[in-house]
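Residue numbering begins at 1 within each chain, and the chains themselves are lettered A, B, C and D in the order written.
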Amino acid sequence: MNYQQILEDIYDEIKPYAHQGKVADYIPALAKVNPDQFGICITTIKGDTYTLGQVDTPFSIQSITKVFSLAYSFSILGDMLWQRVGKEPSGTAFNSLIQLEVENIPRNPFINAGAIVVADTLLSHLKSPEEDYLEFVRTISGNPRIDYNREVAASEKEKGYLNTAIANLLKYHGNLNNDIDDVLRFYFLQCSIEMSCRDLSKAFLPFANHKCAFHFGNVHLTASQVKRINAIMQTCGFYDEAGEFSYLVGLPGKSGVGGGINAVYPGRYSVAVWSPRLNSKGNSVMGIKALELLTTRTRESIF
Amino acid sequence: MNYQQILEDIYDEIKPYAHQGKVADYIPALAKVNPDQFGICITTIKGDTYTLGQVDTPFSIQSITKVFSLAYSFSILGDMLWQRVGKEPSGTAFNSLIQLEVENIPRNPFINAGAIVVADTLLSHLKSPEEDYLEFVRTISGNPRIDYNREVAASEKEKGYLNTAIANLLKYHGNLNNDIDDVLRFYFLQCSIEMSCRDLSKAFLPFANHKCAFHFGNVHLTASQVKRINAIMQTCGFYDEAGEFSYLVGLPGKSGVGGGINAVYPGRYSVAVWSPRLNSKGNSVMGIKALELLTTRTRESIF
Amino acid sequence: MNYQQILEDIYDEIKPYAHQGKVADYIPALAKVNPDQFGICITTIKGDTYTLGQVDTPFSIQSITKVFSLAYSFSILGDMLWQRVGKEPSGTAFNSLIQLEVENIPRNPFINAGAIVVADTLLSHLKSPEEDYLEFVRTISGNPRIDYNREVAASEKEKGYLNTAIANLLKYHGNLNNDIDDVLRFYFLQCSIEMSCRDLSKAFLPFANHKCAFHFGNVHLTASQVKRINAIMQTCGFYDEAGEFSYLVGLPGKSGVGGGINAVYPGRYSVAVWSPRLNSKGNSVMGIKALELLTTRTRESIF
Amino acid sequence: MNYQQILEDIYDEIKPYAHQGKVADYIPALAKVNPDQFGICITTIKGDTYTLGQVDTPFSIQSITKVFSLAYSFSILGDMLWQRVGKEPSGTAFNSLIQLEVENIPRNPFINAGAIVVADTLLSHLKSPEEDYLEFVRTISGNPRIDYNREVAASEKEKGYLNTAIANLLKYHGNLNNDIDDVLRFYFLQCSIEMSCRDLSKAFLPFANHKCAFHFGNVHLTASQVKRINAIMQTCGFYDEAGEFSYLVGLPGKSGVGGGINAVYPGRYSVAVWSPRLNSKGNSVMGIKALELLTTRTRESIF
């Protein structure tokens, strides 16, 4: 498959969408990002890399971090994790408190409530949570320069009223073991990590490489566990647009409000795409369009 | 892959679950089914068939019919269908009115509200809806003896207070064009079709055969459209257990309260399984267990 | 208290509101009513009557009928009625299905779901439900010419998708004993009764006369039961504007989408007001304004 | 009316309920209260006082404070207050976040969310909020020894996850102007005030005395405004049991989880009752029973 040519064709075709959507502006650090950026990077199981655009510019990965934190926690707790967080699509906006009030445990680890519980499990089980988490992300992406952006994390925490509401509700229901402030600080730090498309694409390759077990630093997952994380990405990875993404793109993936998306084609490749303008559901406009065209033109999808 | 041996191993392993769960008993015709039945049938793209148990006993396919009706309607309306029904997981029980009251259009074609809208579109566009629909199902499964069970359909309609509530709500919101009674009669008839595992497995093979376009009688779908139907099965096919099924089994599929499930592994096979005892979510206990073991033992899943 | 002078002053003051709001137009029979009509009639415990405007024009009482049906059913079932319908304000729009789906019994007898259950109880206990109900309304208002408008009732039934949905949901939950169609036909007939302000004002006088027991035809209520019906009017009589009406007017009352409102001041008077234009909550704009001014100018309210 | 005799009769009749219900135990300071206490105190407009039981024992007034804070804020903001808080019954449990998520402003000032907004308005407008608020309560009850219980307030704040969630949600929606911690500290302090039945009964007398304007320290309300506060007590004063209380007792009132209730009969009396054991809705079992018997035996209610 001539992925390089396909990327170039895709780029021509998505240019008309370049000014659609709106950069996340709920904190200044995100609002000031230049909206007119785009990058896409495919890394194949065989080891090839195909890139187009700004693939080496680090950006705020935001909710994409939830895949890393889930992998870490799942490697520690195994199926016991599912006693504290579900694995069903949420059916409502990603930050909805309604489901939480009715059902007590978050529907899945990719809505904020679920990721906050996952952060709580890591705080309980890791010796040096901040260092250990960063180390894992650096190891899996093979880039030791990846780091937290503490200014972004602090800014998120300051304006994080909704997530603070969620954390308090979880605590009320007995589903947070650590101090609320500590959990939120760690959660926002996880989201503040900055990575490039190249970093992300490489970091997700082990999820595409589903025939091998997963061993990165202290994080060990069986092939079956990796597949199960992919399954959760498929049904829950795009807020309340998971069905739409599955329909249009047909690959498991995870998006973030920084404008990044990483999708994986199990057995073939990992692809990271980034463009800061978001649609009304909080997903990158050009990112989704590019991935839709990728699976259309390659005629490759899991379905 | 020695599927026959795997089926036999699976059967040994799921025997302990043989008496778990409860047959659907909301209408007499379903309640009187012998609960101690089990059958599984794999049909591969290459044309091989592997069977175990009661694979030739017809049973009520119930909600599995929603895949056929979606395929038929999608072939007629294309993407215009999505103006009247969504494609997001529902996040609540399959018959919930709450979402409908808040959002006006059904979340997806596999909850009852969505399938009732789909039935309405077929009533509007088919010359002889009942005959045409049956003919399509007979053609796709290659079995001309397949038929409606009119006693089951009448019984469902008589006790169908919840579905009648849903249909009235849809009519109130302007999302039904035909007479409510006509739509419900057709909808229940679609659900009443009786097929065996062998029939179902064959009827779903075109969904597994995603490289080819789909041409059965009057129903024509592109390869891309077939994949998209698979994507919807993946995110929405199991009521509010879609995430769990995706996690455990990792294949797109659709279940029915008659105890049947059909899953497809795009590019490989279609598999039908049937056992009448249901779990609390309305899905076959042995059916889900068998499929979980199938993808575990073959190490084959879309993820 | 010079009520006549006060009514005239009020009329001057509410004239500017004469063209605000919108006549109910969901059925033709209501939509064709001349919107520029207004009448108000006070009947005191002492026996005096004060009128202004079109007080002898009959109009569709619609939901005001729910007070009569509650009185009738309560006289038959006593507190057993509360096993099938609650007495708490609904907190959502009057026809919401959400509460019903979550709680199974209607929150109160003045939302549609509750009134449909009440109609069902009357169908079960009255020998000739239609005749008996009409006879009761004629007796309590002292006007033997009051009648159903069968054209309105038929028209409501034809377009009554939402109420049909509600009735089916009640049946599904086992909270309707009679045939759905029979219950709805009777319910819509009750709502179709036409009365003038003078009729209504007189018919509600026994609710104001809370020191006496209530004996009209076959309907017998203790003074305590009458007070309790007033209490329910106070907390539930105005759809999701009950709090606002209580705040502005301070009297128990009941409104209908025909533009009528009847309020009672226990120990003093009953007041009926009618003007067809409705606010966004379905209550008469001029009606609410007139009653607000009445209690403001007389400085009389239950609080 | 021989209120003293009636109180004694009531006490005999409610004794069988003395051990029903459960003391609020969500914080130690409330859990350790002796549950077997009961007091009732009637203060009439004419100036007479009737008492029975422990009418001079101070207890935690908790949510009853919401009437005082509403009165204070309403005297400052007038109808502008209603831009930030509604006046409709909530229809769900008093601490529900669901309505808040859907509607953004609290339904009424007597659910926690509403009272937190009211506390925020006082913080914004009072020079010395803590001192001013306490001074108002002391003035209206005529007891200068009334005080906050800072241990209870601190304990509530420490365990106040649900209220912290609510406050964060309000802040997120732009409906809190002050620092969340400051608002919550002030809110919990207001709830921690300790008063006896005698104090409460006297403090609510101005609400019963609806013919006079209200002037206590800096708090000035017109007769009309006092009536409107009574109206809100009637429709919203008892969490999701407001309809039931209105039905059984027929007076406006407000309850607290400390086991206190104060009701007013406009034009006649104010009555405070206290008994710590609560029903499942959070209202005093013996308190509600005593008030039901009071209006039954005196045959006096607003209806």
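FYI, a contact is a pair of C-beta atoms (placed from the backbone, for glycine too) under 8 Å apart; a residue touches a chain by one contact, two chains touch by 3 or more.
A quick note: this is a predicted structure, and the numbers were derived from the prediction, not measured.
Using CA-based centroids throughout, the chain positioned farthest away from chain B is D. Measuring from the averaged C-alpha position of chain A to that of chain D gives a distance of 47 Å. Averaged C-alpha coordinates put the centre of chain A at 32 Å from the centre of chain B. Note: centroid distance chain A to chain C, computed from Cα atoms, is 55 Å. Among the residues of chain C, none is in touch with two or more other chains. By the definition given earlier, chain contacts exist for A-B, A-D, B-C, C-D. Across the interface of their complex, chain A is touched by residues 86-92, 99, 107-108, 210-211, 223-224, 226-228, 230-232, 234-236, 240-244, 246-247, 250, 252, 266, 296, 299, 301-303 of chain B. Interface residues of chain A facing chain D in the complex, by the touch rule stated above, are 96-98, 101-102, 161-162, 164-166, 168-169, 171-172, 180.
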